[in-house]
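Several structures are given next for inspection.
What follows is a pair of complexes built around chain A, which joins chain B in one and chain C in the other.
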Partner chain A sequence: MSVDIYKINPEFRDIMPKDILDLEDNATWGQEKRTIQDLTDKKELLEEHSLCAGCPEAAALRYVLTALPKPEDTIIVNSTGCTSLMFPHIALHTVHSLFGNQNAVASGIKRALEWRFPDKVKDVMVLAGDGATIDIGLDYTLQSFFRQEKITTICFDNEVYANTGGQESGSTPKGHVFKMAPKGKVFDKVPMWELAVTSGCQYSIKLTASAPKAVARAVREAVYIARELGPTYIHLYTPCILEIGLSASEGLWEMKEQDKDRFVSFKYVSPEAEALLKERKKEGLL
Partner chain B sequence: MANLGPAHYAPYPVATYDGLLTPPEGKAMLLTDMVDEEVAMREVARVMLTSENATIFPGPQVLYAWSEEAKKKATLIKEMSEVLNAKMIPMYDYRPKYPKIDPEVEINPNHPNLTIWHNEIKACIFIGVHCHYANVALKIVRSETDCYTVGMCALSGHEDAMATIRDQHAEDLARFIEIAKEVKQELGK
Partner chain C sequence: MSIKDMTKEKNWSGQKLVSTDYLLFEAPREKHFMTGSEVTKEAIKRCTVDASVSYPITPQSEAAHLIGELWAEGYVGMYFRGENEFGVMSEVAGCAMAGARTVTTTSGPGTLRAMENFPMWSGTRIPVQLILMARGINSPLTIQPDNLEVTFMLETGCMIWYAENVQELFDMTIAAFTVAEMPDVHVPIVTVVDGFFVSHTREAVMLPADDIALHPYDPYAAPLPPIDSEMPPGRFLRDPFVMKSNYISYATHASWQWEVRSAVDRSRPYARHYLNGLAHVTGDEDAEIVFVACGTASNQAKEAHRELAKQGIKSKVVKLRTIRPFPHEELLAATKSAKYIFVPEFNIVGWLDKEVTQSLYGKSEAKIIGRPRVAGGMSMPVESILQEVFENTNAKGA
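On to the complex of A and B.
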């Protein structure tokens, strides 16, 4: 995609609204050094969304988008879930795949792009919920790791099938009760971040979306590693405040609580990836 | 209360159900008839020059300077609006907008009727809108307004428009402008 696509033809400048004119001058397209600081005043990727007020997932998606090194050359594959309600609002190439198929679809896209644009860097990212990543799509997720596909997989883990009424997922912690899981989860939460490591991911991290900078850093690291070396995985806690009975202002508090509990930091970086990250840091990209 | 179009709130694709298909190469469609391109251009110019609040809706393919063709078309569309005495309202973003768009300054393919109702537009030209969004918008406009729609398409046209002229590239737009100037003179506008 050419960055020129955002340059307005002079003949139409007088009929374009000011905020669109502003985008031409101030948007972060084509700037590899985009940062989380752009979050407050840059809105070219996402301005409005249709999720619940105070939804941590909506905040997390903003952090992810501000962290993309090359949004104009990034394709996000997503799956059915709350995030898929936001994708129509995102000014990026996104592909909505069949539920659970997202990593298989992303693999195909990445390979086709490498063939079609051998001299260009094109980042392919998967963004799906815990149901799509860990339950129904587990096969495709792990197979893409086994095959060493150069894609970044982000799981927005809210520990429940939220928008279908609250059924337990593989990611639900043992004992948790939801509206459609009244007896409580019998088994332990699937440690997907550990499965990612044993399945061949070059980078696997588990964190909550409580700290924007940490999320943004993880995304940039994961994208840079996926470009060069192989699959990367980010497991991000984005609670569904409605399903766990919290108000719009309590999502951040819940994530901070879980920073010390189920989502205590986990990070694996392969030795090759470690070396690559040092290089990127020297270049000022991290 | 806004006027509904002939299809009213039909739950099915009306044009297709009426047996309308996009015109073959070298032809254009006027309501239900396949006609020569020049005939359609004359009629489109006449409708635009004689309808209230005629408006051109340029889409992203011409609003943004992403190719040499787009730059040429931008200059021609500006000239076209002057010849047709038409306003221009851009469709710069396809994303749905909440709680609602500002119909004074923009048109959105997900609820194009709001702009047409608000500005009481009786004839319009869609140009430079990607086909899948043009199809959505034209279906809604056909159902929910009494606006005469024109699809000026660089590809194969749109059956949901009242008039559609296909394969419209820069040189074709220049030809349309010349025809519009003649029609304008004939009408004494």
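On to the complex of A and C.
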């Protein structure tokens, strides 16, 4: 595609809201060297959001969107949960299909686009919560890794089923008391970032959403590798401030200062992916 | 093989592109001897199919293998084995959302495992074709023919067609893509046959040459834009009110559910054309004894009609070819003379009997008898149909 599909018919400019005009006039479409710095003065691809005030997920999604190398040719598949509440506000092709099938849908989209557009780059990304990625959708997440699907999977890990009211998930740390685990969770947090490596991901990284630049860098690395080599995985800690009793201003503090043991940084890059990243760096894209 | 090899006259495998009318009604045909699985391959081969995803389950596995062979031979654009039927139905959804003409196959437990996907398919308005080779759903495990699974599909918002034999499976599979892809229809289509009875039975079948094929699917004529970043994004969920609890949200969902069902209804004229009618009627026009059936059961009903005719007893068979949309008008017209309507079925719940009874309620005075019913892999000998006739009517058997 060209970015032209996001352009407004000139006849309608006078009746369009400013947000939509801004998308054409001041968003960073068609510029491969988009950066996180654009957040300060460019139009974002996320128009507000409907999550709780101060939710780290909303911040993380802003970082992800601002880092996409080619947003005008990026399709994001999401899943049910808090993240699905943000997707209606994104100015990209996005899909919400079912709870847990996101990597299967993304596999179909990616392969059909490779067939239909053999000469074009079309990035397909999955963005879902920990319940969708690690519990109900684990089979489809891992199988897409086994099959070496060329998609980037991002898990927004808030360690709880937040949108349904705070139930334990596979990603909840052992011992935490949540609904459906009234005596505390009895098994360990599922190490999804490690499963991603053993399941064939070319790149797997675990980090918190507290450092925008690090998140943006991970997204760009993951997308470039997925485009050429195979599946990539980003495990991003985005705590649910509501369910762990924090106020709107405490999300960043939680990510930066707490849980250092669980979110000690983890990064795996396959040798092929390493070489590819070096090339992209030389080209000034990273 | 690449989609770039396609021209205005030929598809990527070099087959000449022709209209559905030409392929179904005009192209010269030759006689072959094939199973339902084999004829599925022949139909898909002539449909310029972009994508298929498969998973093994008896009795549809062979059809799924053969579609894979078409991919290896360069006729189908993309193919792989998925992880299970839930995954497969989501993968084909992804293919179709991305603008690919897509087909898959499944049976019995696979259908039920995949179930959450089917209302998603119709709500997403993707014209995927699912070829369903019906098999029992039971514990203890059965792999036998039984079409109980169809009852679970009835209210998914998908079109449902039912083929009686190998020939109909071939023709319906081709017509199904065409009707499902009509811009004013554009919903998924489930083409059903009875597993084993059709999938594994070798029959004479008339096929057009294999150097012609349907024109490719045009995703840009769809009522919702494809997810391919070539058009402004579709707004499946664009407007936040869809996820809120308020009247506008409820009204949005309700109207969309109506619209999906209306789209299925709008397929009637197209299906009448390409299927030569939504119901086929054979036998004595003024018969008081009428059999209403679909699939293999209609074949057995026709056998019962022949036996009754030998004894001087008039009867007729109304074979329903579409179940969704349900052919209400055709059924009512075909049962005008009826005093007794028998609905022979290969399942224990009698889903077709319920459909027929509901459709004719208040419109027909005929007694509707939902028998014989066989299940679990039992066959339906013609004697079992005759017995019901003799027990429930004044007709006297020899």
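Quick note on the criterion: the second predicted complex is superposed on the first by the 260 of 286 C-alpha atoms of A that agree within 3 Å, B and C clash if a C-alpha of one lies under 4 Å from a C-alpha of the other, contacts with A are read in each partner's own complex, and residues count from 1 in each chain.
Note that in this section a residue touches a chain if its C-beta (ideal position, glycine included) is under 8 Å from a C-beta of that chain, and two chains touch if they have at least 3 such contacts.
Note that this is a predicted model, so its numbers are computed, not measured.
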More chain A residues in contact - chain B or chain C: C
Touching partner for A:Ile20 - first (chain B), second (chain C), both, neither: first
Chain B versus chain C as contact partner of A:Pro118, first or second or both or neither: second
Partner chain(s) touched by A:Tyr6 [first = chain B, second = chain C, both, neither]: both
First (chain B), second (chain C), both or neither touched by A:Leu242: neither
Touched partner set for A:Ser50, first chain B, second chain C, both or neither: both
Chain B versus chain C as contact partner of A:Leu286, first or second or both or neither: neither
Partner chain(s) touched by A:Pro88 [first = chain B, second = chain C, both, neither]: both
Overlap of the chain B and chain C footprints on chain A, listed as residue numbers: 5-6, 50, 88-89, 91
Parts of chain B lying in touch with chain A, wherever the complex brings them together: 58, 60, 62-66, 70-71, 74-75, 77-78, 88-90, 92-93, 95-98, 102, 105-106
Footprint of chain B on chain A - complex, ascending: 2, 4-12, 15-17, 20, 48, 50, 88-91
Residues of chain C defined as touching chain A within the complex: 2-4, 50-51, 53, 77-78, 80, 82-84, 86-88, 90-100, 102, 116-117, 120, 124, 227-234, 236-240, 242-243
Touching residues on chain A, where the partner in the complex is chain C: 1, 5-6, 50, 72-75, 77, 84-85, 87-89, 91-98, 101, 104-119, 122, 139-140, 143, 147
